[in-house]
Amino acid sequence: MSFRHTLAGRLMADPMAVVALIIITALVAIAVFADVISPHDHTAMNLADRFAPPSSTYWLGTDNLGRDTFSRLAQGSRIALYVALTAVTISGLIGLVLGMIAGFGPRWLDNLLLFIFDTLRAYPTIILALALAALMPRGLSTVIIVVVITSFAEYGRVVRTQTLSLKNAEFILAERAMGASFGRIVFHHVLPNVLGPFFILAAMNLPVVITIEAGMSFLGIGVPPGTPSWGATLKDGFDYIRNTPWIIIAGGLPLILVTLGFTFLGEALRDQLDPKLRKSR
Amino acid sequence: MLQYAFQRVLLALAIVFVAISALFTIMITLPGDPTTVLLGPRATPELRAAFRANMGLDDPVLVQIANFWGRVLTGDLGMDYNRNRPVAEAVFSALPHTMALVFGAIFWSASLGILLGAFSADNRNSWLDRVTGVISVGFIAAPSFVVALYSLLLFSVTLRWFPTIGAGEPGDILSRLYHLALPSFAIGLAWVGYVARIVRASMLETLGENYIRTARAFGLPRRTVIYGYALRLAILPAVQVLGVGIGGMLSSAVFAEIVFSRPGLGSLIYDSVSGRNYPVVMGSMLVAIGFFVTCALIADLVNAALDPRHRVKS
Amino acid sequence: MTDTLNVDGLTVHYATREGALQALRDVALDVPPGQIVGIVGESGCGKSTLINALLQLMPENARIASGAIRLEGEDLIGARARRLRDLRGRDIAVVFQDPMTSLNPVLTIGRQMHDIQYREKRSTAEKRRMAAEMLGRVGLPDPAAKLDAYPHELSGGQRQRVAIAMAVLMRPRLLIADEPTTALDATLEVQIIELLKELQQEIGCAILFISHHLGVIAELCDRVVVMYAGEAVEEGPVADVFQRPGHPYTAKLIECDPGRMKTRVAQLPSIPGDLPDLTDPPAGCIFRDRCDRAAERCRTRPDRVALRGAHWALCHFAAEVSA
């Protein structure tokens, strides 16, 4: 019986994980089939139907330009997923490499990297995003750069701690005593054991990244104007909050659901992968 | 303890120094004419030349960084050319509003979170505990700016229980608190969940300790044991998390200030960014990072002070 | 005269994934007023479960299946929570094994000793004075200053003295000492034993002294109960039990006690074999699988065999073993 099989089995027994997987599957499905399921062209403006309430034609109503909110949110899921996956992959890889270097490297290098991690943590994400946005062109790559800068340190810390505790674990000392190569220790012993906490962190980090993208787009420093990011939809809703509450309500829902889904998944993963925490629950 | 405190303070200073210097370096080495950036495209060539010489923009990068810190240490954060006032003035009139917001959020999250967490641990594995657990995760997951928007929509626009705009009448504490309640709650809600979970977990751990068994073996009342003995230790990790969490709250404060049209560091930076007002951006960053690092440092030291075991360990 | 403590037929089960773990089976013991009764046994014999049951502070998965626990005739198992709390600390007090962890690390000694006097209508100053007096009595130097110390600022021996001072502060009728010297070195051990003896004389309380150290039991106790795998297998006056043990397990324990070794050995002897599985204890004698004398009749449960005086053992061959 493989590890993955048992993990999946145990996850399916956890109602929180099932809810999480349903939400995440729905998100991915909507992102993939956004063009098919959208009842309208998300860029089409029907000025006659501005601020329309939800109806059979416009499921979640329309915005100030008469664009269909549902279609825009469906398109927005693509942006959210794209930014989240790209940013988490990049910052995760950087963190993984730096964390292992810190864990295995000489003392001074470890201290230096720790100091860099600490320093990066001192930047409040959105405030740094604002500062960098003043210097960089508006666009998804700026969003991704901001996220990577503010989040790879967290991965680095986790990987470093894990590496350090493994480096001196008895089974690894035994391997080294038997003359195992450095590569073998890293790839056969340390890496597999680091990946558990790493993936939990990544799952927990995805909704954070989605929120940062939406937040930056809400502030007008994320996606270019006209792009149907969830944050941009919320911004439209905020500008016309006294005209129609629908845009804000509809625009916030996918964000709440998705963050809830990924957070539940991270929780469930942690419960399954971290026996110490499992006991204390 | 003193040595520990000294080390932490040095580290905090180093972090602020490096974090700000890095940002400053990025700003001054970015391609493009900084005079255009700082003075706007319509400045005359004479003005540019004077400014360039005055600011030492032709000096090597390291000299500029040194000069920058030299000015900062004398309290000079530069000039806000858009509105013709010192940056320090703009930043320090905004800071108290943001501090009030962040401390309001800490008040919400600490009071509600500790209550929920202690209650959960006290009634562990009851259905109330489970419901509290799911609610906590739900709170954690709710993005603060969506919470801000929803609460603005529900409580201010629709129900009209709370004001929609501003920070209240200057000098009128009640009006200030009234304006503060909703935005700080929106920021604090996510942390209610965090604090509740941490307090619950550490409380359960503490309740399993031998000295708790001792207290119970001496017949101390249940309330004394749980809320007097166990909780005292269980809130220590929450203090630390809230200290570090102030970074996240500062980010949330940007949204809360914009959504509720409040003055503060967040809206100051936001306005400066749209106006390309770099000196103000730089000054606000410096103060925001300094504030955050100071709070995290204080939380760290308070934690060490509250936990007497720490005093010998360090 | 009623015994200070009287345990009768006490059977305790833990609900586990493998089924009910029978941690205590039909345990009986009496502690007469003013006497010191020792309980001796290896780890896993049920000593901790017994203490938890006496205090009625059991883990959630524990259940008292049958039996009675009486403090001066008063039934504790059926007692209300409120009454039990009144008894704890005032009538029954405990000194726990590990002084490193049994004191609250974030409260001063004074605060902790103040708090346990919560029932007394005394002023705080008076409570502190009482606490300091008791700290002095248990032999702590500069007791008044110790009130403001945190546990980690004291040595292990000092902490255990504090724990003892806390336990006797309310002049309990029964003092339970759960291996109070195990975490200490030999010199300190002797001092603590002497201290307990003196305090017992002064206060006149009964002491239930739990230890796996035969020498300490012999030194301190009037009577001793030998426990094995959740059963009391032998009981009697200390001198009788240790000189003429009636149960093969007791005999083995004495053989293996390092304090009794006459000759140098390369390796400490130990009793071969493991504790039986308590989720499914063997029928008949519980010690059968590890016993040299095991015979066919050991497949039936032995009764208590009375030996000289108030001494009995739970073994078919008690008379021969003792001879």
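When the chains are written out, they are named A, B and C in that same order, and each has its own residue count from 1.
Throughout what follows, a residue touches a chain if its C-beta (ideal position, glycine included) is under 8 Å from a C-beta of that chain, and two chains touch if they have at least 3 such contacts.
The structure displayed is predicted, hence computed values, not measured ones.
Per-pair counts of C-beta contacts peak for the chains A-B. Each chain's centre was taken as the mean of its CA atoms, and the one lying most distant from chain B is C. Centroid to centroid, with C-alpha atoms defining each point, chain A and chain C lie 56 Å apart. Inter-chain spacing, taken between the CA centroids of chain B and chain C, is 53 Å.
For the pair chain A and chain B, the distance between mean C-alpha positions equals 22 Å.
Residues 11, 14-16, 18-19, 22-23, 26-27, 30, 134, 137-138, 140-143, 145-146, 149-150, 152-153, 157-158, 201, 204-205, 244, 247-248, 250-252, 254-255, 258-259, 265-266, 269-270, 272-274, 276, 278, 281-282, 284-285, 288-289, 292-293 of chain B touch chain A in their complex. Of all residues in chain B, only 209-211, 213-222, 224, 228-229, 232-233, 306-309, 312 touch chain C in the complex they form.
Across the complex, chain B is touched by residues 16, 115, 118-128, 130-135, 207, 211, 214-215, 218-221, 234, 237-238, 241-242, 245, 248-249, 252, 255-256, 259-260, 262-264, 267, 277, 280-281 of chain A.
Of all residues in chain C, those touching chain B in their complex are 55, 57, 84-90, 93-94, 96, 98, 101-107, 115-116, 118, 150, 152-153, 163, 166.
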